[in-house]
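Written below as structure tokens is the structure these notes are about.
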């Protein structure tokens, strides 16, 4: 991680980051690509472990190709600490503005997760169907960019749009973006990856349950809270498997 | 299999188990992961071949990663014979309590099999659609944990909940768990794997048949009984293929 | 192919078969497994090139594992020329009886092709949706085994049942088997494989078209006849690809 | 690229083509096969970079198998510059006639893209659902071959049919072909590949959104125009990934 030297950026670096953490961030990119949550688009970030006013994310690159050398450091206005003329994601403001609004959040995934996109354009809300999707219990808001910016290219390409998305997200773990994708946040990189994968899975299962044509029983909020707490204690199991698949296949 | 020495557990071991049987249990884990019946969660157990009061199952680990060294031995109260501080599955009581209630059962799969979850939350019952799903002919009950424990994290994390699930299962091969997954039982490991895979497949085909919008003809119970008996004689064919794929790919 | 010596069978062999033809039959097994038309079950046969009263098919074995050494020879009553105590498919009578009824047929696939099973249990008929499924234009009958044998295990396990299925098939290329699977026939092995693959694909596309909820335009019979004739001239292209994938991956 | 010598063809060559461009055309074939947009059928072409009256496309071959040596050169009447008795695609007139009608188009994909075929036979129109499908904003016409030629084999096998398809396409990027497939055009090979992949994806997501049963919000034309312009600037990112996967896996 060479992002600890400030030569051309507008902000001071938060300092060196342990290689194991960078490895986790790289793994997160590849894991989500491997699960089809990310395709050639989308991005994953982590807050700087030593400096809450900085975050780390790849230069503009397909997630499947990301290595440690591609990780850049940004301040929360999403200015690069050291750009070295690397191309940056247009939508990095999603990350900076959510980190500003949510001090307890340390990892963010933005994706076009395929089973989730339909819920972003439908009047049918995404709801937790089984315990693996329990974290959805607070409800899943849909960010309608037209309400804040009228007709756009749908991208969150400014601090203002990032802040508007953060307001829509509120204190929840997932927000959908109409006609675009979604954003998933968590306190750690493994938990953000877990939530992104099971948001996709829960969405697919909910579609299928609806298509059966009968009534559907969703999780009660209390069930959601309890199951979410339990799942938080089991993250090490999938994370071990997922990292092994992408780093030591 | 080192589970034949009692140092820290609360129960005596059922004795050494032939490596070929352990290999089958390991293969079962990987086969079900390979078919997408298990993801990073879920588990497979077998009853101890020499001691009906003991069963064998991996320590808490993603099924795809299980090796013979990860297999632990439990008594039917799901106490480990020798824990050696290994982390255990929270839901091992599914296995212990079903083995208590069903003396003829020697293998159990608990999964979040993706096409089956929707039937666990829908008012539309899972039914045998074709001969490969014939074993579903006695009907597929849905275990509603709320009826026995109110608002929970949905996990079968105690002997009492395991016993309640076993009562819901009754003498059938498969029970769904609302908002969670399912449990599949059989007299042998290969048959439990077969049933878990074709429960998933039958569920997917049933969804599609319903979506066609016409009337659907299901198997008659007598057809189910006859086809199930026939299929039982052909298990060696898929088992040979599936083991070869995971053990000698 | 060692099936040219009669030691224990009830019928004389049709004589040696060119290895390239055996290779095509082996490839057909693996191609259909690779496309998911066959799983661990199902079978492919070819008529003996020198003796129309004999056919060739694997011993009871998962199609993905079939090699030239597994190919057995049968007479049209489905007696083996030389059994050598090999286990035979219970449903080999599908092949023998269809070869009797259809002199122009030289290759047969029996499968539980997943997208086709739903059409076998639904009141909605399978119909050609696009030119690749043009061969379905004569209509796709559904064989209801109850009409000829009452409550069964659904398997075509006798010459009588095979003959009944052949009557249901009539002069068409595909028949569905209610609660079971389907049978696909053609003049050559590559064409039978082509038809089995595009029966599966057409079924999946038809499901999706129906699910869109609007009206659906199917091929007219004349379009079907013309497109089928054209496609027959292009079989070499997919066959080259498919064989290369399974024989020289 | 040996297509710069005229020995047996009816037209003069447009001259040698840089190997990097031929590599892009080869990559396009393999990328689209890898994404399931093409199976053993379908084709991709590019206009000759130095001579707008010529185009380049593989001989009749499954796209997954195409190499640089398989690329042939054609004039816009789809006569080969040098046939060397290679088999040509029956439907090459799609390419020649669209190049005639659309001077700004330099790359064309014809496919049976699976999620798109249902929209070609349904009364429900394909519409842009999310920003990745923004290029669909001008509407997606359906070419009904019956209107120009009555009962056919559905193939665009003549200059007249190619011209009729080009009229149906008009100035749009995508046209569906009823009971057959679709045609996608763009100014560059990477953009044509991008559009073919996201036409498939948008179609799948639209099906799912419709199946949820609620109301669906599509992109407004202005959103479509703006998002399309933005996406055009990001093509390098997926193209780098896709090429790497097929050329240096």
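Every chain is named by a letter (A, B, C and D) in the order it is written, and numbering of its residues begins at 1.
The rule we apply is simple: contacts are C-beta pairs under 8 Å (C-beta built on N, C-alpha and C of every residue); 3 or more make two chains touch, one makes a residue touch a chain.
Everything quoted here is computed from the prediction, not taken from an experiment.
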{"item": "Distance in touch steps, counted as few as possible, from chain B out to chain D", "value": "2"}
{"item": "Centroid comparison with chain C (C-alpha atoms), farthest chain", "value": "A"}
{"item": "Averaged-CA centre spacing for the pair chain D and chain C, given as whole angstrom", "value": "34"}
{"item": "Inter-chain centre distance, chain A versus chain C - centres from mean C-alpha coordinates, in Å", "value": "47"}
{"item": "Residues of chain B touching at least two other chains", "value": "211"}
{"item": "Interfacial residue positions of chain C with respect to chain D in the complex", "value": "129-132, 134, 201, 204-205, 208-209, 211-220, 222-223, 226-227, 229-230, 234, 237-238, 240-242, 244"}
{"item": "Complex contact set, residues of chain C against chain B", "value": "39-41, 60-62, 64-65, 90, 112, 114-115, 117-124, 151-155, 178-181, 207, 210-211"}
